[in-house]
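A, B, C, D and E are the chain letters, set down in written order, and residue numbers restart from 1 in every chain.
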Amino acid sequence: MIDRIPSGFHPFVIPFLVGMAFVLLYCFGAMIRVLYELSWQDRKKFFLSLLNPKILLKDIKDIFLNCLIHVPLWKRNKLFGYMHSSIAFGWFMIILLGHIEVLLFVPGRINLFYYPIFFNYFVAEDDVTLRGSLLFFLMDFFLLLIMSGIAIAIFRRIKNHVFGVKRMARPTFLNLVGLYSLWAIFPLRWLAESFTAHISGGSFMTIPANWLFRQFLGNELNMLPTWWAYSIALCVFMCVLPFTRYMHIPAEMLLIPMRNAGLKVRSSRKGFARVEFFSCPNCGVCIDACPMTVDNGNVKDCTVYLTRQLRRNNEERIQEISDKCLLCGKCEALCQVGVEGPGLRILERARRDYTVPFLYPAGDKKVESRKVLYFAGCMTHLTPAIGRSVEAIMKKAGIDFTWLDEQGGLCCGRPMFTAGRIAEAKAIVANMEKLILESGCDTLLVSCPICYKMFREQYNLPGVEIVNYIPFINNLINTGRIKVEKSDICYVYHDPCELGRGCGMYEEPRKLLGRSAGIAEAGHNREESICCGGSLGSLSLDFSQRENMTKAALNDLYTSNADAIATACPLCQATFARYADRPVKDIAEIVNNQIL
Amino acid sequence: MKENVVIIGGGVAGLEAAKNLHRLGYQTFLVEKNKKLGGHVAIWHKLFPDMASTKAIIKEMVDDIKDVTVFLDTQVKTIESAYGGYQIAFSNGVNVHAKAVLVASGFELFEAAKKEEYGYGIYDHVITNADLEAWMNGNKDQRIPAAPKAIGFVHCVGSRDLKAGNSQCSKVCCMTAIKQAIEMKERFPNAEVYCFYMDLRLFGKKYEDFYINAQRDFGIHFVRGRVSEVSETIDGHLQVKAEDTLIGRPLKVQLDMLVLMAGMVANNQIKPIVEQAKLEIDSDGFLKSSDNITHIIESGRDGIFYAGACTGTKTVPETVAEARAAALAIHDYISGL
Amino acid sequence: MIYEGKQKIWSDYQKEIPDDHWYYVRSCIRQNFFPASERMFTEITQKVLGKDVYETPYHTTCGGIAYHCDTIPQETVMTIVARQFALMTEAGYENYCPSCITSFGNYAETLETWREFPELEAKIRENLWKACKREFNKPKYLAHSSDLIYHWREEIRKRAKHLLINQETGEPLRIVEHIGCHYSKMFPHKGVGGAEYPYVLAGMVESWGGQVIDYPERRHCCGYGFRQYHAKANRGYSLSNTHKKFESMEPYKPDAIITNCPGCPYFLDRWQYVIAEQTGKTYGENGYGIPVFTYEEIAGLVLGYDPWDLGLQLHQVAVEPLLKKMGVEYDPKAKYLGLNKEDLMRPEMPNSIKCC
Amino acid sequence: MIDFGFTLSKSSTVDLNKIDHSRYDQLVKLVPTARMCMNCGSCGATCTVSEYKGMSVRKVLYGIQRGEDVKAMLSSCMLCGKCTMVCPRGINTRNLILNLCKLYD
Amino acid sequence: MTNYFDELMKDYRFREGFHTCINCGTCTAICPAAEFYCYDPRKIVTTVETRDDEKIEALLKSDTIWYCGECMSCVTRCPRKNGPGLVIMALRDLSIRTGFFTESEKGRQILPLTHALTGNILNYGYCVYPETFKWDDHKESGPVFKWHLEHIEQTMKRLGANYKGKGPGVLRKIPQESLDEIKAIFDVTGGTERIKQVEAASKKKAKEMGLTDEEYERRAFEYCSDKHFNK
């Protein structure tokens, strides 16, 4: 391999250089801005993490696995995963191999930024070596890999539903420009390399194409336009990149180390949040995950649109999207890059100004002192069977307990929290904490998962164990304080959002339910469980708008052909019971009926 | 030739019964005191819940009785039991011996002027539900301003009112008020429309939908409180006072016009017939049926039957159904079943 | 407003008022605040019209105000009423005429309650016998003194020296009529014209040439409210109700107010003074108030009596504007003189409402 | 100025012609279902705070249409959403409260 | 006296004025008191309708029952032939008999009212009498009335009254035998006992409040807190 062009330069590299310079500058600027927006504690944390070899190693591993291999995508859908990793990893390999080629064959040119990209134009093959052939083969192989990915992408565009992801975010004009330029880059490179293959060598992709083109096209004349086109495609792609979803490529490389450093979103618009919403690849997984999109409704209110509107600062839409969400957390659970849809929305809601202050309504209350303090929570008042069942189970097990609800325990504060009134929620928390701590109990038993999540995450109750009723009852069975008999009824278990995705409790309820009844699984279960539609998370969804969501969730439960539905959340129960064609019961109720 | 049957009253009950009795082959005489058939319904513009045109309904009903002997502008002079039937003399000089008589004399609209505090007949812009329907049917009415900005509807005028002599609910006024409120809002979209009610008794098919529409789509205001008094201001507006019982405070509002939902009261013009035929009057002032559950169309007197609002407040569909039932009951009676 | 509609209602509420032989009982409040009005009543009925209107010195208050201030039990007030009836019976009369509306309501309520609960009447008869050794017949006819003036309104008109007509413009004077609450609100058929459109005063005004004004708050209480006035702490209630009425009648620019209740003319008159002192607002023309009269005072003016014989000097709101409009001649200097023209000084003049 | 010992008192009468409807109109735009209240009282019956502060969405919603001060009630709401669950007319009561909390100045 | 509702039913006014309430609000709509006090007569009837002793007792101890002006406008309009005003009269009567009237600011006014009105009746035979009409307590009667009271002998004479005179006429002196009869009526019908009851209960309350009898009465007569009014 020898340099073919003595100057080592041709004007067609200029577009590439322009694009590259632009994107690098832009990304650098954006990074500085994000770092500036971080609080100084967070900034310190981030920089320290980069000095920690363990975290740094994890960063590199995560970036490799997530950004290049797209491991989470593979898990979700293999073809989809292949499509992304073929392009990302292939491209990465081409760049890497390009650099190896330069280093190997023309090491003097390594300082030329564009050389590895346009290597084949600038060199001529003087002798065929095994080493060169292998590299050429690898280059062609990865090019093929990428082009197969792009072929799938094009095919996917045409026939979306083949890939399981039924809907995707509607691309904007710039996104389309980015998309088409991305698609164009690799076929153009192939064409360009093919046209120069008889000079600079090639492999199974380029040599036959070269042979083919030479049959009817004058090689020398046609060589340059394709290189120009290739460079221009690169330029176009890089110039639009910051304004398109492809920004997720650089953003995610920042997101991963930041997350590994332990940073949390503190504002919906700045710092870490900015990295998060720029990291959204607009893949549309959240659209299908979203329970609101049943019958193609509310598509534009999914997280992918939230990130888009956050990038655009479209206040009106941001507000609308933030208020509508049920906060079921499924989009976050399924998101490839971990965009915190619900968290961002709560923070967004927290930006509103409320002119009427919240004043904690209950005055000084005292709770009688017992070992176990049971809090059923607001919603359980609408499904009293749950509270009564828990009470009955505890009585049968001989537990010394009292009700917090009846003695001034008003609300856990979660509804206030999800509405974005964080300080107000904290006021409720402080009052409740005082009440609970003063009671002298050692266990706080909670049956509502909404409350449970709040108690777990927002309360500081030293010396008080916060227990969800499911493991609590399981423990009563384990320790022999109650015995249950299995009934013939088969229940399909619905994972409540707040218990499953919210608290990560998937197996305990199944274990408890399985002890007292038959159990079946819904079409979507565990972290893919579909929200009942009754969630308090949504502020603006009206009753009538929720109906179809509930019915869709029910239909998914019906696929199990179970006799009845079991759940572990009063809100889910009340919501399902409205439309269900079969009984909807809480696990506590089922267990209580099966106690020997 | 089959037996004679006399129907007293040419409203929807009389018309429907006449059609059916005629079809069953009876020589049917329909007697109506007014010069026109259709009774109260004929005054009305549109009927809920279908918002059907009254004109079309009455026309169809009248067309259906082309072959029935109809005496308009005629009243029953005397009625007496004779030869297993009734000998009836009409004011037009005709005498008929009928095997059976159907009383379909309907109701009277409560005389709104009796509720003096509402000022019907005294204030310039106070009208009744019937006046409004007549206006919607094209009658001119100076009491209705050209472009009212605020319109009120007073429910329960002469209904549920011991002092007005009628403790009963007239049943259809709530729905009529909402229907008319919507119709007025459609005609005058910029007007504020208020309904003053005590309870909204929307019992019938689709009635509640009207209520929801009135609230949601038309923004009609519902004030829970009986209007206590109406007075006229110097510029001709009406000042209406009620208690807003839902907040427990007195409330007043100035309106450009007020519609009184006059209720249904018993038709006193049939008193002579009642006396001559020895019929009974119930405690509510309407004709007394054998019982009010399964024999509402039976008078307790052989050969005399009731249909429609003569026995109490009825909706149009109820009246029509009773009329058909009464026709069949008369047929059974004459056939000796 | 459709006048014929009102006429129809008036025709429905006519009560039978015998033409002669009335037993007259006086009003506590009127004797205190409008002493000349009651004197005018006997003057007009006895002297001008030549009717038999009898009064005994032994009759007392009916106790109505104390009763409505909840300071005496129902049995007490009813027994006092029974005593009054006994005096009437002893005097040989059966037509009972109270001068006070509270009394009128009190008598009507008593008679109505006895009708409904005869055992109570028996109890009261027993009480009266125990306390006073008296017996009584219930009156055959009960009419308020304004009913009588209404009844004889045309006879007064025949003798009229002045009419309720503005002498400068020839237009009828615009008169607001105010009826005492207890006249017909409890028993609409016991009042002329009923409860909603009482005709008793309107009839006088029309008969004497004036024009009656119907304003939105016409039917409403002046705000006396018994305990709401007699306890000083509560007088804001009384004041506020009158204020509401004046705000409502103001746009009609009434020339005068005529009343048939003892308290109302006092309150409608004095509260105008208080409103003026507190807020600076006056409701009449040129900083005057709207003069308020009892029906006897109006009748007296119509019959040509001297305003100072009618006791108009005891009004706080100046009556002179109306006198001028009616063309009544009067001596401004004589307003505050005693019986034999002795100088009694002049009262202080109010700050915010014009007075003469 | 003479001290009579008493003064005019304020009328409690709701004068519908004088009430400022703008807040209600704004609310209806934000929460259109607000118009559908039929004053059944389910919301107040289920409200946890009603026991302490007399809170009732019905009273709030009706109160603002009648010029009443409902701030104290609004201040006591913890947004638990039970009222939304029980409302037979499907009114988004929670959002209604939340929006009202923004509409006061 | 345990069952207040039964006790109320003994009152003729209650029996006349209390039937079934339809909660329509016609009474409150035109009630002069409802407009200027925090007051709703309809609610009084519905409270009594509960027949709940506790609620009725609370009512008897409250200011609420003392706002009514007994104008009886409510009686005219009620479609169920109720008389909220009559119900209130019965409640007030019961409140006085039970002594609960001293528990409320407005209820305590019964003492000065009783003294003023029964005093005038028993001493003069009139409910209102010039000699007890103190201008300082009635500044609203205006300077003209001050003048009148100052020259009462002459002004009364000027206007043809028979002030303190014998025989019939305006403000005549009511003969002693008539006054004795009125006193006898008071004794027989419970009027005298009522005065004693009011005085005894008030005395007790005055002590409780740490006031002299005079201070208590004066305060009841003229003190008005602002809790009664609409904000």
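In the analysis below, a residue touches a chain if its C-beta (ideal position, glycine included) is under 8 Å from a C-beta of that chain, and two chains touch if they have at least 3 such contacts.
Values in this document were obtained by computation on a predicted structure and should not be read as measured data.
Student: So which chains are sitting against chain B and chain C at once?
Tutor: Expected: D, E.
Student: Steps needed, at minimum, to get from chain B to chain E via touching chains?
Tutor: 1
Student: Based on the averaged CA atom positions, which chain is farthest from chain E?
Tutor: Taking each chain's C-alpha mean as its centre, the farthest from chain E is A.
Student: Check C-D against B-D and say which one is joined by more contacting C-beta pairs.
Tutor: By the number of C-beta pairs in contact, the winner is B-D.
Student: Name the chain with the Cα centroid closest to the overall protein Cα centroid.
Tutor: Going by the distance between chain centres and the overall C-alpha centre, it is D.
Student: From chain D, which chain is the farthest off, judged by mean CA positions?
Tutor: Ranked by distance of C-alpha centres from chain D, the top chain is C.
Student: Take the average of all CA coordinates in chain A, do the same for chain C, and state the distance between these two points in whole angstrom.
Tutor: Distance between chain centres: 86 Å.
Student: So the centre of each chain is just the mean of its C-alpha atoms; given that, what is the distance between chain A and chain D in Å?
Tutor: Distance between chain centres, rounded to whole Å: 40 Å.
Student: Indicate the whole-number Å distance between the mean C-alpha point of chain A and the mean C-alpha point of chain E.
Tutor: About 76 Å separates the centre of chain A from that of chain E.
Student: So, what's the distance in Å between the C-alpha centres of chain E and chain C?
Tutor: Distance between chain centres: 22 Å.
Student: Which chain C residues touch at least two other chains?
Tutor: 195-196, 219, 232-237, 239-240, 244, 274
Student: For chain D, what residues touch not just one other chain but two or more?
Tutor: Touching at least two other chains: 2, 4-6, 9, 11-13, 33.
Student: Using the touch definition from the top, which residues of chain E touch two or more other chains?
Tutor: If we look for residues of chain E contacting two or more partner chains, we find 30, 34-37, 76, 140, 222, 224, 229.
Student: Can you identify all of the chain pairs that touch?
Tutor: So, checking each combination of chains, I get A-D, B-C, B-D, B-E, C-D, C-E, D-E as the touching pairs.
Student: Quick one: which bits of chain A touch chain D in the complex? Just the residue numbers, please.
Tutor: Answer in residue numbers: 323, 352-359, 361-363, 378-379, 381-382, 410-411, 413, 415-416, 419, 421, 428, 534, 536, 539-544, 571, 574.
Student: Can you name the residues of chain B that touch chain D in the complex?
Tutor: Chain B reaches chain D through residues 150, 194, 200, 211-212, 215-216, 219, 221-222, 224, 244, 246-247, 249-254.
Student: Going by the contact rule set out above, which residues of chain D touch chain E in the complex?
Tutor: Residues in contact with chain E: 2-6, 9-13, 69.
Student: Name, in rising order, each residue of chain C that touches chain B in their complex.
Tutor: 1-2, 4-6, 8-9, 194-197, 214-219, 251-252
Student: So in the complex, which bits of chain D are touching chain A?
Tutor: Against chain A, chain D makes touches at 33, 46, 48-49, 52-53, 55, 71, 74-82, 84-87, 90-92, 94-95, 98, 100-105.
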